[in-house]
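Common to both upcoming complexes is subunit A, partnered first by subunit B, then by subunit C.
Right, the complex of A and B next:
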């Protein structure tokens, strides 16, 4: 039986495109319309991977062996309650309903709680906490922005539909798409190349190519045109830069200086140097003028700012520049959030605790300190003595020193497929693909909540991560209650039979742990 | 007198032999508090939480066997919000500013606020569909669209913020009077306000339009406020109020600049005393290190431009609204802040009829909601007012009208401005009173109304208001001696406004929808999934 499901939400990146048209046949996605290549890779092919975890596993004698769900839950709860200070990490590819249970579990355990934000846009959040942020939903940019700046990010590859849906190549109420211009430009460029090649081959003697002196091209005249313009600042010419009206090549790790210089220029100050971060000041001046003359400008920035030298200070200056520009025109700035629900993790954590990431509950109340409670820092100091990883793969992305410490202690993983971290786990749970097999809520990069859809049924016996967490939480509470009653009632003789009945179970669990 | 409660309602009589009896003799018993305007949930509120770790670290709440942990101060986390409201004897709170596009987020947060009933007002004053229809003069279609939106966002009332100003702010501009033209839309704020008031009447909404005026926070803006109220006179039909101006303190400034800043409270109060078509709430300043947040993006930018602020957030929402956040410390020694404090109280004391004005701090803008008992004390005790005024800026003291105002609120009047009046203005028939049939939301305070001179001994009374002896929610004791003893979830009220014919959702409309928003039509409305305990109220509209 074939059915077509419309308005499906894509569970990949922070764009959360919600106009996919998915064709399902025999509980399998066979075709997908409107989505990008990344989306197709996951929604049509990736989720069917042979690497799928289909049942819970526990490591016994160094090998992962399949066990029943009850056993895995008991074991996980036992690990977490035995641990003095566990770390719960991940969350960004789960629905906000799951994240919600996660905070409750962390609170119950008195554990550390962190999400992938600490290794991507954590510095952006910190910069926002320093000086705020003037931002807007993506539609506002679609309707009004006549200047779009991508700084240290490459949406053409990482958020493939960002340009097409929200910025330069989309029709808004007050600004129209620049796609046709872009096609014309491409054509012109192609014929330019042809002409140049012909001239070279037929007219000019062969000359070895010489390295050019200036690395940055001068601003093109078209930058002064009316209508939408796109500028890309990056350390290399990416696909996005190819599309842009103007590409500015930045020396690596010099963003902070460039923002500083731009702020000076926007605020009508003079600079005493010829170039900043490899860009001639005259060029920067022209860019600053284009920014001031824009009706509505938008800056999007990526990990190139948050993970290079300067980190959250880079972002702080990006925001400060936007703030200055607001005195002259209208400008907004927005981080290009990666995982489809990383914004949700920040949002859910914040409304329950006040803090977006890097949380700790060891004192009975939420504490926040990036650098102290962020996962990598915690692991490298070997502060925690058990880890639960959910919907993330630190196994593939964390530094070796952090992983080595993580492996010294029990590890519980909740992921749909056998990724690096699942293979390292002591208790490995299977789970559904959120947004494909499981419905829920995700927050777009501009923190608009969108409902993910369930398109196909999950394989039999594979639960949602929310259900797994709820069961672990319940079990943790029972174990804790048993511990306290045991402590309270030890001297009383009437309780003896109860204790005996509990004992074998406990021994079982211990034996499995060894 | 006895109050009997059965199945969550107040009834005439119950069988006393198997009933739980609370001895409230020598205590003050009131209906559960009803807050008409308090920003407790939503995208804006949460962004405020996120940018203020400095605010949370000084006010932490530990987990107990029954309650969840969290943080304060100016924007408490969701659970703490519920607990603190309940400890003050409040049982119903209106969340007054919800961008339609971000409604799901607001509802997810409201689900996490236990112990209180709540409802949200959708920001509709700058919604493109509404603006276009008002400009066209097609109010009936506008009404149908708004009915669809109220249902689709599971909301309770129409909220209008700086009408026309938010749309102008899309390109960094603002409107400065009722007759400025809104760019690109061929209409004025006056058209929006009167149009929306008419739509509100057509839809038979239980609450009036909830209005945040133009020029809020600008010296001399009391004139705009009076113009706004005058504009609504034409819509008034003589029976019930047709408009509610919220946090009017921020719209009652006189003087032509910040240097000559003074109170416009007298003019506003005189107007309100002479007319019956409006209600207002105050937005009292309580001198706290708080966080201002509003959908009025241009206002927050103007506030930022005044200087001295380290954080500024602006958050525009496509086709609908904008928003802004600035942490702000109201100080007694600052002349403007002290005058603002005075304006709030002058209004409260000079508006004669307590059914026309309600007590709010516009949480967290004027101060956090758990400062309400301090505001009560300023209302019922002249002594309390004088004690605070003495510590205020000298220039502000000279300008203040408070020394000339002798009025001291009685407990009855206090009950009106915090419960009965708000419930009436909101059209909540079963709240705000203790009559038979009312919901069994009761608060009991450790104040003996017969033996206590509340005006003289204002300090213990103030403490008692902050620490209810009992709070009863739907017949269940949730607070006893200022301790939370149960945590029921509380309901989310929303209106199912049924128009005679629904608005046309045809292909044309869907195409327009796709053009205006970046979310598909099917994915836009809030579904039942997002409301944990819903209370649907069905309204028959007259269009």
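Right, the complex of A and C next:
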């Protein structure tokens, strides 16, 4: 039986496009409309891959053996209660309902709790705490923004529908799409190329290559046009830079200096230097003019700011520049969040505990300090003696030293497929694909809550991650209650922390972690 | 004097804010042994983790810690009087919110050492971690007074939001030295990484070595032959004096030694 489901929400990136049309036949997605290539790869092909985990596994004698759900739950709960200081990490590809249970579990265990934003946009959150953020929803930007600045991000590849749905190439109520201009520019470029080729063929046989005087092109006159404009700041010419009106090539790790200089220029101050971060100050002056003359500007920044030298300080200055611009015109700034519910993880953790990530419950109350309680820092210092990873793959993305320390102690994973971290786990749980087999709530990159839809049924016996966590939580509570009754009867002897049965699997880490 | 040595190698962080001369003062040894600390999520007594002995013949230092304390956090937190000597590495938040007294670390010290301190002295005869003398996240009131001396190098973000006091660094300093500082003095005897004094609005940073790159938001003021570090000591120049951060309309000063910073010769045309 074929059915078409409309207004399905895409569970891939922070855009959370909610206009997908999915065709389902015999409980299988066979076709979809409106989605980008990344969305199609996951929703039509990826979710039914052969790498799917269908039953729980426990590592016995170095090999992962299928076991019953009860056994796996008991084992996981036992590991977590025996541990002196476990770490719960992941959360960003789970629904907010699951994240809510996660906080409850962390509090019960007195563990460290961190989400993937500590390796992506955590610095944006920290900068917001330092200085605040003047921001807007994507809807407002779509209808009103006449100047779009993408700083250190490449939405054409990472958020493929961002430009098309929310910024330059969409028709808003008050601003028209820039797509026609772009097509005209392409045509003009093509004819320019043809003319140049003809001249080359007819007149010049050999032309020695001349060294370029500057790496940055001068701002084009089209920046003065009315209507939508798009400027891209990046270290390399990406696809987004190709479609922009003006691309500014920045020296790597010099964004902070450029933001500082731009702030001075926006405030009509003079600089003692001729160029900043490889960009002549005269060009920066023109860009500052364009920004001040915009009616409604929006800066979107990506991981190029948050994960290069300076991290949250870079973002802090981007926000400070926006604040300065707001004295002269209307400007907003917004992070390009990655995973579809990473904003949700921050939001849920914040309304439950007061803090968005890098949490610690060891004192019985939540403590927050990025650098002290962030996953990679904890693991590199070897502070934890057990780890639970949910809906994330640190196996593929964490530094080797952090992974090696993680592998010295028991590891529990909750993931739908056999990714790098699931293969390294001691207790491996299967789970449903959130947003395809499981409904729930997710937060878009501008913190708008959107309901994810259930499109197909999950394979038999595969529970939701929320259900797994609830069962682990219940078991942990039972074990703790038993312990307390035992302790009351006889004083407890101190035990040395249990090391993992296996030797640290350096070969595995090398093969799959790097 | 109370002597404390770890009973075992700690695998998880230990939070021991009670190791402080104020807390120990007037308490008999048995009571000190029963003070509670946490090891990971578990609450234990000081006696469970450390060997504690008392020598009543010695008065100062009040507490001597011997061994590896790199996983022990918050030693001497909020201490008002007394002296602690740590013969080994100290963990994070050592001497946080110090309001008097003295802490000497004969080893390296972790992040947030001397964070938000008000008075007193911290001597580190090794390296110190990131955020030394910087406040907690989101706080805009940093160290208000006292002295921190570091024999080795320091990490990034040292002396953020500094409001008073002196930080002397005999080695090199990392990025964002004196970020957003309002007052006080930072003296670095060796080199300094990028973005020193970013967003500063007051105070002075003196650098005897090379500055990797000066923020474009600083403007040259003058060349001075010497500069005062404290009431008794001067640093000999000549120094380039930069004013900033002009983006924050600040009047902080960076003194960069002329001999070690030939890259700043271009600025002389503006004098």
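In the analysis below, the second predicted complex is superposed on the first by the 486 of 514 C-alpha atoms of A that agree within 3 Å, B and C clash if a C-alpha of one lies under 4 Å from a C-alpha of the other, contacts with A are read in each partner's own complex, and residues count from 1 in each chain.
Note that contacts are C-beta pairs under 8 Å (C-beta built on N, C-alpha and C of every residue); 3 or more make two chains touch, one makes a residue touch a chain.
Please read all numbers here as calculations on a predicted model, not as lab measurements.
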Report for A:371: first if it touches subunit B alone, second if subunit C alone, otherwise both or neither. second
After superposition on the shared chain, which partner residues are touched by A:6: those of subunit B (first), subunit C (second), both, or neither? first
Which partner does A:107 reach: the first (subunit B), the second (subunit C), both, or neither? first
Check the residue A:130 against both partner chains and state whether it touches subunit B (first), subunit C (second), both, or neither. both
Is A:448 touching anything from subunit B or subunit C once the two structures are fitted on A? First, second, both or neither. first
Determine, under the contact definition given at the top, whether A:354 touches first (subunit B), second (subunit C), both, or neither. first
Answer with first, second, both or neither: which of subunit B and subunit C does A:144 touch in the superposed model? first
Touching A:192 in the superposition: subunit B (first), subunit C (second), both, neither? neither
Common interface residues of subunit A - those touching subunit B in one complex and subunit C in the other: 129-130, 361, 363, 368
Mind listing the subunit B positions that touch subunit A in their complex? 41, 43, 46-47, 49-53, 56-57, 60-63, 68-71, 75-79, 101-102, 104-105, 108-109, 112, 128, 169-172, 184, 301, 305, 310-319, 322, 325-326, 515-523, 527, 529-530
List of subunit C residues in touch with subunit A within their complex: 11-13, 15, 38-42, 48, 71, 92, 111-112, 130-131, 136-138, 175-176, 179, 194-195, 198, 213, 215-220, 245-247, 267, 270
Parts of subunit A lying in touch with subunit C, wherever the complex brings them together: 83-85, 109-111, 126, 129-130, 256-257, 260-261, 263-264, 267, 269, 271-273, 276, 309-310, 313, 320, 361-363, 368-372, 381-385, 494, 497
Under the stated contact criterion, what part of subunit A meets subunit B in this complex? 6-7, 9, 18-19, 96, 100, 104, 107, 125, 128-140, 142-144, 165-166, 171, 173-174, 295-296, 323, 326-327, 329-330, 332, 346-348, 350-356, 361, 363-368, 441, 443, 447-451
